[in-house]
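So that you can tell them apart, the chains are marked A, B, C and D in the order they are listed, and the count of residues begins at 1 in each.
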Amino acid sequence: MDKKPRNWKEKLHEVIYEADTPAGKWFDIILLIAILASIVLVMLESVESFDNKHHDFLNISEWVITILFSIEYILRIVTIQKPSKYIFSFYGVIDFLSTIPKYLSLFFVGSHSLVALRALRLLRVFRVLKVSRYIGESNQLIKALNASKAKIGVFLYFVLIICIILGSVMYFIEGADNGFTSIPRSIYWSIVTLTTVGYGDIAPQTPLGQFIASITVIIGYAIIAIPTGIVSSEMTKKKIELNTQSCPNCSYDGHKDDAEFCYHCGTKLN
Amino acid sequence: MDKKPRNWKEKLHEVIYEADTPAGKWFDIILLIAILASIVLVMLESVESFDNKHHDFLNISEWVITILFSIEYILRIVTIQKPSKYIFSFYGVIDFLSTIPKYLSLFFVGSHSLVALRALRLLRVFRVLKVSRYIGESNQLIKALNASKAKIGVFLYFVLIICIILGSVMYFIEGADNGFTSIPRSIYWSIVTLTTVGYGDIAPQTPLGQFIASITVIIGYAIIAIPTGIVSSEMTKKKIELNTQSCPNCSYDGHKDDAEFCYHCGTKLN
Amino acid sequence: MDKKPRNWKEKLHEVIYEADTPAGKWFDIILLIAILASIVLVMLESVESFDNKHHDFLNISEWVITILFSIEYILRIVTIQKPSKYIFSFYGVIDFLSTIPKYLSLFFVGSHSLVALRALRLLRVFRVLKVSRYIGESNQLIKALNASKAKIGVFLYFVLIICIILGSVMYFIEGADNGFTSIPRSIYWSIVTLTTVGYGDIAPQTPLGQFIASITVIIGYAIIAIPTGIVSSEMTKKKIELNTQSCPNCSYDGHKDDAEFCYHCGTKLN
Amino acid sequence: MDKKPRNWKEKLHEVIYEADTPAGKWFDIILLIAILASIVLVMLESVESFDNKHHDFLNISEWVITILFSIEYILRIVTIQKPSKYIFSFYGVIDFLSTIPKYLSLFFVGSHSLVALRALRLLRVFRVLKVSRYIGESNQLIKALNASKAKIGVFLYFVLIICIILGSVMYFIEGADNGFTSIPRSIYWSIVTLTTVGYGDIAPQTPLGQFIASITVIIGYAIIAIPTGIVSSEMTKKKIELNTQSCPNCSYDGHKDDAEFCYHCGTKLN
């Protein structure tokens, strides 16, 4: 982005698609506020008592947001060199689907279609991710998660096997009379229990069932340490092994990232 | 604090505002006990059965505490050089607001105003922080939290997005009949579930809802590892780079424990 | 596996018992799908409404799976040199027990025996482990767990003692009227509480009981850190002492990354 | 323990008070089994239905255990040089108090005194600790806990302040109609919520209360990382700094615990 943009299209492109100019940052902040406002609108609409009182306010606000998003959508298409690249991208589809429902509501009237349109409008949540991609910290988090993805996957795989076994055992012990009406429902219980959520909608009633439940939660308590250990060690490793450069004179490595001289022999590092 | 305080004002200032003299430490301990006692008083007053039995005891104790706090407040103003600096500081405002309610109760009588005055009195909790600032360990904790603030913020931001998406999905699946009466309420459920609290006041009833709830809690189980990993690695990092020795030439510090030469200027460390 | 297998028995053995040939991998994948399908079948059968509607579909699918497993079982016996080694192994017994119930259902008809046979069929879950032993990541997890087994055991031992003490105390405070009908039931409550599951089926009703419950959960909150710390430090340790190089003289391994001489015999490492 | 014990008193002392001889280990194992059996007996007695059926069995078993413990108690007094040192030690008092209830039950008959005697008998749980002091791993755990005691204390102190503030706020928002009948009860709720236990016996009913509860649990979710981080970093530090011995030739330190030669210069370590 060293060369200056020449015409208005290139200027707008920089504002809309990038965040390294003041104007670009302001655009992102305004967009984020509009997205958050639009999400709050859909939520409030779903609260019946609120919707009955302030229906007109919600309707007008929704139109304002919709028109703002329409302008953004058109500008994004106009300022990009290959419009198709944006339109069929993940964010392009999200932008389109979350903007049209209000226009569609002019044609389709009825309580059932309204629910479907509201669901579409909630896709706006994904727009938030579009803005958040500029946050530096989030890249680090995603990197650490990616690095420990395989291990967490294997961990969840074993958790699921344990839950299936425990759920099945509880189904045979407690039975339908105590709320364990089927194996999938028992597995739902064992997942809710092992993860220490514990709704209490299904709870063991027989002494034997309570004994096994106790063992289950203690197992859950001990193995919750595993994913934490995985992510912790992944992050700690990153912090310590930050530099693999070796000294040209004594070939010692493990230098701090901001080191200019070898900590062992004092030779300048390049 | 090398030079001795000359008059009684300076002596009192040292006792009240500092903790490095025996008298100053005793003042802090007595103040802490008075604050804790005053908090317990407000709590007990809210227990109706206790208030009915021991109303006079509570009333008298409250007056004793109020007068003690009034004396402390006046002394703090008198002994400081610029009283306005204390009066309009955070702790000055807290001290004032949590002391006056008892005096106001002489003028305003009525059950409704009593509730408001009790709320004011509970601001005394913040006085505890004034005393706890002398605890060395708390500074370390706050430093570690500050260092990982940005990452935990980004983490909570993603947790909120996940909760909004999951809450919305559950609202469409379960619907108002099963307790998911609005999207905000569904998001409340998804937050309570993902954080493994699981009250059970709202719980999925349909098999599909239970299936999604199971996935939600397993996600919550896996991602609880992330903030832990952040704080752990932040704290572990501190422990390993412990060396606070500074280079005799360029005064850079933070050398590795086994460093023989400064990583910045190459001078030999002694 | 350098020498080529000569006859069909050796070829089949390689496909069934090993996973380092394309055919062997395909066999494992197909087997895994069959096992998962068979588990889903048993689950669906336990859902009464589903079983009533699709009984024939479930019955036929069950027969298909059973015949597939029978063929696998026979092939495993035929292709191995010492059949008894497989038949009386853990997986051999699991394979046998989880395959025969469908054949037995031809002779024993009755709701009670069906439940027992379903329980037998669920042993198929353990078959999944047979396939998962090829996942590299799982070996690492199991190794880390083994290394911290003793410490987690001691930790759970102390958790149990705390739970017995707390449960007993609550039994005397709350008593049978508030749901704490016996000491084992109170211990069940203290385990469910300390591990932060919190069903809510038993909850303290007296102020003193609620006070002790508050202390219990805060203790639980503080000590949940311990198993996590154990596993984290175990995993972090692994990462730092990563060197698998072995000494050319005494063949000791586990040298520090920056070691120049063997720590056991003093030979220079290359 | 190099010199051989001469008379039977010294021999018995070694068996009873120490665990480094085969007889001493066997004594500890038998004692542990007897203690566990005695705890199970008290538990089973509290289960009314079980007590009604097997009252005689429980009574006889209780007498056997009591006589065994009496013999152990007398032997401990006889074999020690200064009996007062044992009698008034923590374990001596526990041993005495948990043994006499059965004898007292001969004189005091009545349901109320039985409950008090049962409470006394449950002190046997502490006897388990007497045996467990020989477990090496437990010393490590206790050391790690001791090292991070101050930090965990400060952490719990802040958690309590947060709980008092949140509990008070919820008391004013939800009020007595929604179950938040007093400030202590609201604080009980906030502790149960922040620690992610979530019984559900008290749950917010108003939208504002649910909003604040959501923020509470998210705060709880983020700060659960802190004690974990404290313990993890404490344990990781221990593992890495295991040896502070320095090489006599090159004075390098940080050797592995089982190192026999310096990893830097190859000199034999003493």
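In this text, a contact is a pair of C-beta atoms (placed from the backbone, for glycine too) under 8 Å apart; a residue touches a chain by one contact, two chains touch by 3 or more.
If you're wondering where the values come from, they're calculated on a predicted model, not measured in any experiment.
Most remote chain with respect to chain D, judged by CA-atom centres, is A. The interface formed by C-D recurs in B-D: of the pairs listed in B-D, B-C or A-D, only this one shares over half of its residue-numbered contact pairs with it. One simple way to say how far apart two chains are is to compare their mean CA positions; for chain A and chain C this gives 29 Å. Mean C-alpha position of chain A lies 40 Å from that of chain D.
Touching of two or more other chains is recorded for residues 47, 155, 184, 187, 196-200, 207, 224, 228-230, 232, 236, 240, 258 of chain C. Chain D contributes residues 39, 42-44, 46-48, 115, 119, 122, 125, 128-129, 132, 135, 137-138, 140-141, 144-145, 152, 155-156, 159-160, 184-185, 187-188, 191-192, 195-201, 224, 227-232, 234-236, 238-240, 254-256, 258-268 to its touches with chain C in the complex. Listing the residues of chain A that touch chain D in their complex gives 47, 196-200, 207, 228, 232, 236. Within the complex formed with chain D, the chain C residues making contact are 150-151, 153-155, 157-158, 161, 164-165, 168, 171-172, 181-184, 187, 193, 196-200, 203, 207, 210-211, 213-214, 217-218, 220-222, 224-226, 228-230, 232-233, 236-237, 240-241, 254-256, 258-268.
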